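Shared between the two complexes below is chain A, which has chain B as its partner in the first and chain C in the second.
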Partner chain A sequence: MEISNELMKDIYLQMRRIRDFEGTAAKLFADGEVPGFVHLYMGEEAIAPAVCACLRDDDFITSTHRGHGHIIAKGGDLNLMMAELLGRETGYCKGKGGSMHIADRDKGILGANGIVGAGHCISTGAGLSIKLRKTDQVCVCFFGDGSTNQGTFHEALNMASIWKLPIIFVCENNHYGISMSQARHQAIKDVSDRAAAYNMPGVSVDGNDPLAVYEAAFEAVARARAGKGPTLIECKTYRQHGHFEGDPATYKPKEEQAAWMEKDPLPRFAKFLEDNGVMTAKEIETVDAQVAQQIKDAIEFAKAQPIPSPESAVVDVYSDIVEEVRVR
Partner chain B sequence: MASIGIIANPASGKDIRRLVSYATTIDNNEKINICQRIVLAAQSLGVKEVFFMPDTFMIGCAVLDNLENDGVLKASISMLDFEIDASMQDTVTAAAMLEEKRVSCAIVLGGDGTSRAAAKRLQEVPMLSVSTGTNNVYPVLMEGTVAGVAAAVVASMEDPRACCIRDKRIEVYVNDTLRDIALVDAVVSDDFFAGARAIWDPDRIQRIVVTRCHPATIGFSAVAGAYTIVRDTDEYGYALRFGPGGARVIASIAAGVLTEMEIAEAQRLPLDEPYTFTADRRCMIALDGEREVPVAAGETVTLRVRRNGPWRVLPRRAIEEAQRRGMFRRS
Partner chain C sequence: MSIMTYAEGIREGMSIRMRENPNVVLFGEDVGAFGGCFGVSAGMFDEFGPERVRDTPISEGAIIGCAVGAAATGLRPIAELMFCDFLTVGMDQLVNQAAKMRYMFGGKINMPMVVRMPAGAGSGAAAQHSQSLEAWCTHIPGLKVVYPSTAEDALGLMLSAIDDDNPVIFFEGKLLYGMKSEVSSKEPIPLGKGKIVREGGDVSIITYGRQVFDAAKAADLLAKDGIEAEIIDLRSLYPLDKALIEQSIAKTHKAIVLTEEVKRGGYGGEISATIAEEFFDSLDAPVARIGALNTPVPFAPVLEQYYMPNEMDVVAAAKNMF
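After this line comes the complex of A and B, so read on.
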């Protein structure tokens, strides 16, 4: 498969953006500046940028409670994301949704959400909508290994397969459902095995290698656009932090953590780019510096934004449709 | 005491070829089933000890638990003692340990890639390769029970090599340094990253060297097989360079995928004779279907077919020999 240097550079840029955004979010949370919970994508940065590199602006994604990486990779605005994390009025959800509810309809981001396994159903709805509207869009559904034990996973894959919906189910198998290791929460090792039950292709790839992820996603997206139906891609990866910030993750063996840190996708991909003459060390440094500045600007932007007024707490609770019906 | 080893690769049969072709999926619970049948058959014919490669899915432990719970386990089952790396290295390590233990037979479950990894260390112990992978030229698609019978037969023989063939292999040198080996084929492609590892795009293939080839297989060796047949017993391999100007063949390069390719040059490669070229651009050498050895522009690659591979068990010959010796007769 041909992957251009420009594409690889762009994937690296997105990976670096996610890593720095998450590092900053961790620090801000520790400093008490982030209300609510944050669940970081640290260690999984190879996946969303590689998958989203195969998508168009009008394609959809559904996300999870660990959604910052997905939002950034699909083109989410760093300033609005940071403002939302800091609970500011101009954030993506007017400062009332926080980390787990960021959505951007213009970018096809159908929302992060705090309900494990909810994205499966939302993506199926999006896939059905695409089919009914007869467009060639696709929808990517990101989720973790833990959620594949939810009924929603099985219902969604079944329905997507029956109706040949243009959905790419991307399992970010970080080997833990909260604090429960995969070996203890499911009787299979490869989530991709579950595809066979729903008569769709299922593949497992190294989720810490963006090029391996890209190859699989590219083929799956092409398949979906061609009307051939859904695919399940399992990306094997590792959550470098706890389930949420503040979780000391003492349930993860130190040797396991050390082994996965050796496979950290960021330095690994940077080395690949340098070794293969795609980017020089200097160019990588320049990108890193640009991203650091973007994150700094996002914090500056967010901190300058107003806090929502107390009265706004009761605004946007119900949709306009419900409100109109109530008035009538 | 008759002993056998089992290496069951939990990662085989899962790669991208499920997406770009119509390859079979064999889940890990089925691999446990196959291993159970191997153990049951082998112990019925005198195998007393079975060593399993430890793996992330704990296939060996599951076999032990299931057969013990069913009250049908007679042989002793134990796991080879090493720390799992969750990579191909586990197969290499397990093969080295089985070689050191001098077990009577090593059964390897996986695809061509798994057999290749085991063959890096299995030199004296006979290897019986059972297919649970994708493009399976090397391993044989066979029922686990039959594999267990064949392994037990080999374990009972004074000279098991009478039922084996010493396979050829390809040694891959880059700038005169041995980098890796292949059992069936070494394919040079325009790729320069390992990515999803499997190789499937015919438009990117430059050259191929095979130890054997036949049109009744799948994978890129089948392209060579469509041009000429090289058997495992032939004292030569074959090399093809793709490009315009030569014979055009159609071959099954992946499950359900037949593709036409044009052969610019073809040559027989006598054993031990080097096939050398200098890379005019960066490329990747895929070994038995998996991208493994990156090559930079200007580097010199030498591929050499030699008959120094593993001793591969010929299961049908072994079982027929056992029948002749009356091994299956009961008074």
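After this line comes the complex of A and C, so read on.
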């Protein structure tokens, strides 16, 4: 598969941005500056950047509780994301959503989602809308292995298939749903096996290799744009951290963790780029330094943003009704 | 007598019955070796083994449905939902199956199942992990609903919930899990019995769950102004201890109903309406109903605190009555 050097560099850049954003988010969380839940994408960075490299700005994605990577890869703004994590007025969701609910309608990001399996169904709606509005957009639905045991997975893939909706179902199989290993939560090894039940193509790829992911996504996106219907892509990967920050993840065998750390997508792809003359070590260093600066700027931006006024809680429940404020 | 956390109270209640009766089983997401998302079942996997403390896939429909089928065929299952917000995913099994079977089948089937679920805001978990959905359950004939506030009540209500032949929804205050309190009895606490947790002659605060503690703070503040509040911890939402409410209001002539739910359509409205309808003659002032704002639960702490009712709202409502 032909992939330009520019595209590879861009994928690396996005991977690095996700890694650094999350490293910072983890620190801020540990320092008590980020309320609520933080689920890190660390270890899975090869997937969203490679998939989103096949997308246009006007394409859609649905995301999950582990959404930072999807959002950054689809063009999400680091400053606004960081401000949202810190619950600021000018954050992506005006402080109403937090890490688990970041959305950017203009970038086609239909929201990170706290409900496991919800995105499957939302993607069918985006797909139907594309079809009825007669555009050639597509929708990528990102989801985890654990979510494929929700009824919504079956409902959505069946509907997408019979209506030939332009959806790419991207399963990020990190082999766990919280403490439940894939071997314990389902009787199959390859989630892509399930595609047969919906008569759609299903492939499994090395989810820690952005080029393998890109190749599969490229074909699936082309197929969807051409009106030929959905594809199920399974990306085999691993989450390096606990399920959420604060989970010691004692259920992960040490050898397993160590083996996957060997396959860490970032150093691995950096080495590939260097070995193949796409980027020099120096160029990689420069990109890394640029990203480090972007993240620094994002923190600085976020911390300078105002805390929302309490009364803003009653706004945006509806498009037209402002709820009553509390007199206190 | 011993000191236990609220989570330990729940665990002890489940464990007592599981030791006695092999047909009592617990299942849900990550309830096994992981011990549950909030650690409520920690250690139970080791004691009772993987057959009876069973991890499920992420499948709330099947979790509740499995409890229905198991209850209909001889087990006394306890199903855990990780957050009450996920009840939405399994709602058909609860509302159209668990709650209806006995009635639809002419009383020929028992449904001895418990569905446990943590509720409530205050942890920055935002709109899909912080709701208080008890009114959805109290609205459905066929379901019993409890919401303990202390370790002892959690333990005793759990025993009764397991012993009951009807589906019992067991709400758990997620901010209460780590709270320690005295457990002087490990006896079942009958469903439908509230308790007076503080006596006072001037105003009745009717509440349950974490708000019992907000009510206590409010009562302390009110006492400084010479207003003695009586606090009723309902413990069971359905059956509702109307007699206790009646008795208290007959004394105080004033009622404040405090719940954390979104105020519109909350169970607090049902309690208030019951008081207005049945005990109107006892009242010297309109019933005051305090709840959360009519909004989803916001993320940022400053918004979330504004969303949730607190002791100051109770104090203000009480002062308004004098």
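Everything that follows uses one rule, which is that the second predicted complex is superposed on the first by the 318 of 328 C-alpha atoms of A that agree within 3 Å, B and C clash if a C-alpha of one lies under 4 Å from a C-alpha of the other, contacts with A are read in each partner's own complex, and residues count from 1 in each chain.
Going forward, contacts are C-beta pairs under 8 Å (C-beta built on N, C-alpha and C of every residue); 3 or more make two chains touch, one makes a residue touch a chain.
The structure presented is a predicted model; accordingly, all values stated were derived computationally and were not measured.
After superposition onto chain A, partners chain B and chain C are found to sit side by side with no clash. By the touch criterion defined above, A:220 lies against chain B but remains apart from chain C after alignment on the C-alpha atoms of chain A. When the shared chain is aligned, chain C comes close enough to touch A:93, but chain B does not. Applying the stated contact rule after C-alpha superposition, one finds that A:46 touches neither chain B nor chain C. Of the two partner chains, neither chain B nor chain C is touched by A:302.
Of the two partner chains placed around the shared chain by superposition, chain B is the only one that A:192 touches, whereas chain C remains out of contact. Of the two partners chain B and chain C, it is C that touches the larger number of chain A residues. In the superposition on chain A, A:55 makes contact with neither chain B nor chain C. In the superposed model, A:1 lies in contact with chain B only, and not with chain C.
After superposing the two complexes on their shared chain, the closest approach between C-alpha atoms of chain B and chain C is 18 Å. Of the residues of chain A, not a single one touches chain B in one of the two structures and chain C in the other.
Contact residues on chain C toward chain A in their complex (touch as defined above): 29-30, 32-34, 37, 55, 57-62, 85-86, 88-89, 123-129, 293-296, 298-303, 305-307, 312-313, 316. If you check the complex, the residues on chain B that touch chain A are 10-11, 14-16, 18-20, 25, 27-29, 56-58, 191-197, 201, 204, 282.
Partner chain B is touched in their complex by these residues of chain A: 1, 3, 183, 187-190, 192-193, 195-196, 201-205, 209, 211-212, 214-216, 219-220, 223, 231, 233, 272, 276.
Residues of chain A that touch chain C in their complex: 35-37, 87-88, 93, 95-98, 100-101, 113-117, 146-147, 149-152, 177-180, 184-186, 251, 307-308, 310-314, 317, 323-324, 326-328.
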